[in-house]
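Per-chain numbering from 1; labels A, B, C, D and E assigned in written order.
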């Protein structure tokens, strides 16, 4: 194994090993567990940075493990992988910090943190997967490792949600399995990064390739929460806040979207897919998801559920960007992968703070809450405004590129969708902000909970603040050399040519 | 044109299935078993007609005799337990895990039954047709004839059993051993097997016959090298002696220590196995006897096996392991229900 | 190092010897038994190494060459099956060691449990010898005898628990096994009458279509199907497997049913592959589909954990039969490799499941699924083993089951018979359903209330976990065993069967 | 038509009768009897095949196989019989009871 | 040889009616005791004739000795089993048949 390959394996092990050790540790040993978790996360971040530097310098890391001839696991570091794995790692670090604070008094932390670590391992595995089989492997494992997190509370409601979650994701996984196997039969092992495999198959298999595309979308769309397949997502809100945060910002939904990006870019190739008229339906589906998700969000009073539907809507920006088939739109979509993650995790952290500190779950209970928790609500506001797309926040950058891309591709109706959805975003986020900042408190929330010198424990406060700052930073510094946008431009450049 | 023997063959060939039908159709189980024994004897006669005297001996001794005895003793054992006793023994003792769903007495639907019967008939006819179509192949008869000189024995069947396909026989001895083991693992024996006193005639008979039978067994093993006979036939006769001793409830039998019985069961298999290994150690293949002494080795194996087969078959007839502490558990007074209870009451 | 033949002999002789010894010296049974298990593992290791070096081998027992004598035939498939038996058997033996000492340790019914241990070891070792003999032998009649050893030992082991239900199940099992052997024996007799030879490899060169061959083959197959418990003939399996003692269940479900399937694979996959019509394979495949659906549906309905696992065995056996038409379809080795992988991973996973279920039973005092919530708190390791084994049964990557299903899926899609592949995927989802039924309860948090019973020895828990982990990793490590299979690639091609020493 | 075929057919008939009995009768003893009949039928077919038409040489291999078969069959029968007794003694199921005079092919008439 | 052989055949033929009558008795007699009577008495004599006939035809003393041993064994076995059957029947309180 070469050094680069070792680096990739180490990246996976740096969270897997702490996870396994955590399972072996007794429930009571909190300090070693925290140290392990944070140590692992920091170490992983370090390794990821190393990898990014390497990629920036034009190096290429791969590691292969052959199961059978024609059946091998492949880890590969291309810029897209780097983007997603960096996002996961950074957010994992913050979420771990948050979760340590959030779960301070709750039982079964051993299990929680164990699965949490393994879940991140698997997510990074999805990012680094170099071929379809490896992607499938981690994609399926993600289902397994997130299930215990979703049902962590063990209540009847949580179990029911877990069942729904499993039914959706396992079915999706089965469809994906069939699709991958089918494609492999047609084309042999499908590796990412090279010339798109489907395109090389050419016209002879057009019919099959079209059918396959829909199978793939059906399989990946479950986790990506595309509209008819999104049913599990709002229900999975019963999970603890850090889980929801990670699930929504990074792990599950992003895995699905990431898969779609891989599918369009690396398996079919944008040109080829567009040539087969496969992308237009995808665009329509994404638009539907955007509008439908927003409309549903409007109706919800439960804060986390509103955020969940907002996720359904926001995720589809990414799909939209990829499916419009132009470099600018692709930039917008891909950068939204990062931006949405940052914004959404901020929002969920804040929602978790409200719930944990004040027991506030509903929007109707949030009158004047900013006076009680100004820092949290400030972070929340940054996230929400970013979502709406106020400049100079992160969301603005994404939407700008999306809009430009749609114009460049002559799809005016896509621009219309963007405008409508922005209005809807504003419609469901602004009332919250107004209620929180500008209405007098009616003190409907309970006052017990960690009242310290600041509004709540620092471990709960620091992560949302940091992510909020990041949201602003990536927007303000979008043109910097190491911003996500720059990185995405590099990726898109690879796909569409400079 | 059929000669006398041909007619005899035909009658015999017709009698066998007829008897089989009668025995299964017989409403009385006891009667069925007696018919089964007579069927076994007719089978033995058939084997003689088919020039298979070894098989005939084995069939008469094991197939008809011992199996029949096993059936009869099982029937008696079943009948000992009246329903009332059974109820008494098990009232209120069942727990959920033990519960066996009540059997649904499905009366096979006439149509399905008829269909199955039709299928069976078609298959059997097809089989019969193809048997009639295909002439029997050469078989291994010539090959056996060629190699017989090197086998160390003169009887072909013994040569096949203990030399050419000795490995089969090794495993077969293990099957017998396994059967004894299985029966011992299932339950304890309840002596005496007979409820009533054996009576003077039986006792005398046993005393008279037992030594003779042991002698006959030895003879059969000895003669097996050249003619019909061998370990199985000899062992079966030994077993018959054992059965008689058990039936007569002779004190000696009950006083055989369990350890000795174990050794008796294990002797044949163990010796056979060791011989096989010694062959390897001597540089040959598994069970490849030294050519000059093959006859002696075979005789040794056969003798040991015959003893074990005898003990095993008798143990199978006894139907259980010897009682562990022989002093305590011997009495015939103990009702079968109680013992069964001790065996079955516990759960996992 | 000694050659492969030596190790092969050890594999048969050692278990037999220790079986007899542990019967004669009953007091030492629990020493001899594990010793034999380790020795067996050692012998398989030796066999594998020397096989990898020197390739397939034929060994004439008694020095009698082919038409007359019985031969061992050692090839890749045989070595893999032996290895599977050795590994699973070793784990089960270790488990049994803890299991019986725990049960004897509890004051209740000590002597009874002692009796069980006394007879468990010799019976299990004889069973083991029968399995090893079956895999090694190349002679149809010799295989009949080994089948009988296996069957009789399995029946006795089933009845060992002494529960009425177990005895009834054992009786049914025995009758079925009698019927199966009878059919098999007649099949052998007919083939012998046709061709005058009993060796499988030699037979494969002689076979020519004819009415007697069809009848013989049908009888052989019917007998083996009965013993393998393929769908409509599976009725005897669940009660027998579910009511036996835990280590026995693991042996029965993990190993014993594989033996007769292995034989079917030999007969249908190589010996008679040339003459059998494709429609026959399709028939078996269709029955396999029935098994997958019916077994899974029943497993979903069961109230007791061990019954659920037993029905899952019925379903999983269906997969193996679905693979048969695909073997016929596939010109390459993929389908064959897949079957072997499925066999291996099912052996590990199912044994692990039954072992974990046994620990759970001992701890909880029952195995009603509905009341098992929270068992994770007191038996974390066993629960983990159960779930992990279940996941590998579902065919999740990277388990061996996944790679097997993946290969089969590929073959079925490439061959245009996609319905087999769909059935595999459906079966996986159904498996996920019944595993979920248990896992969702095991993983739930609830105050522990089982702790009144004594502690489960670590050896019981860890042997199950190791097997489960092995099943899970089998996919990652699939390369080396399948290479071994390819080393005797002749395994499946009749031409290569004639490897004489 | 040679006389050996008589025995083949006779064996087949025994086999069929045995199979029918095994499936049809409900009493386990009867089932075991039927299984024994079946094996006898198989043995008959095997041995009658050992003396091929017009062959003077008798093939001893089937004889040896049948000998093995007989021993195997008595072993299984013994275990089965003990099991039947135990099941009878320890379960709540009446296997045999009463009416044994009336049972015919497992049906209880009247 | 010729004479002895023929004499032997005659003896064997003489034995057959006894067997037949024994069998008829077994089938036709009204109860177990009378059946036993017919069976053992007639069969023993029949067997005696057959053994005698075979001895006359035998080719050496070995065979004669073995035949005699067989005869003796059968005699012992049949009388003993007859006794046992009758005893068992008595224990079961089976009434002997009497002319109605």
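For the reader, a short list of remarks on this structure follows.
In this section, contacts are C-beta pairs under 8 Å (C-beta built on N, C-alpha and C of every residue); 3 or more make two chains touch, one makes a residue touch a chain.
The model shown is predicted, which means the values in this text are computed figures rather than measured ones.
Note on connectivity: the fewest chain-to-chain touch steps from subunit B to subunit D number 1.
Considering every other chain in turn, none proves to be in contact with both subunit A and subunit C. The central chain here, found by comparing per-chain C-alpha centres with the mean of all protein C-alpha atoms, is C. Compared with subunit B, the chain whose C-alpha mean position is the greatest distance off is A. Among the other chains, the CA centroid farthest from that of subunit E is the one of A. Pairs B-C and B-E differ in how many C-beta pairs touch across them, and the larger number is found at B-C.
Measuring from the averaged C-alpha position of subunit C to that of subunit D gives a distance of 29 Å. For the pair subunit A and subunit E, the distance between C-alpha centroids works out to 98 Å. Here the CA centre of subunit A is 72 Å from the CA centre of subunit B. Residues of subunit B in contact with at least two other chains: 100, 127, 131, 136-140, 144, 165, 168, 172, 175, 178-179, 182, 186, 343-344.
In subunit C, the residues that reach two or more other chains under the touch definition are 141, 145, 148, 152, 155-156, 159, 164-165, 167-168, 190, 192-193, 196. Applying the touch definition to every pair of chains gives A-C, B-C, B-D, B-E, C-D.
Note for the complex: subunit C touches subunit D at residues 141, 145, 148, 151-152, 155-156, 159, 164-165, 167-168, 170-171, 174-175, 177-179, 181-182, 185-186, 189-190, 192-193, 196.
Considering their complex, residues 3, 5-10, 12-21, 23-27, 29-30, 32-34, 36-37, 40-41, 43-45, 47-53, 55, 57-68, 70-79, 81-86, 88-98, 100-105 of subunit D touch subunit B. By the touch criterion stated above, subunit B contacts subunit E in their complex at residues 196, 199, 201-202, 205, 208-209, 212.
Residue ranges of subunit C in contact with subunit B, taken from their complex: 5-6, 9, 13, 16-17, 20, 23-24, 26, 59-64, 67-70, 108-109, 111-112, 115, 119, 122-123, 126, 129-130, 133, 141-142, 145-146, 148-149, 152-153, 155-156, 159-165, 167-168, 190, 192-197, 210-212, 214-215, 218, 245-246, 361-362, 366. Across the complex, subunit A meets subunit C through its residues 65-68, 71, 73, 107-108, 133, 136-137, 140-141, 144, 148, 151, 154, 159, 162-163, 166, 170-171, 174, 177-178, 181-182, 184-185.
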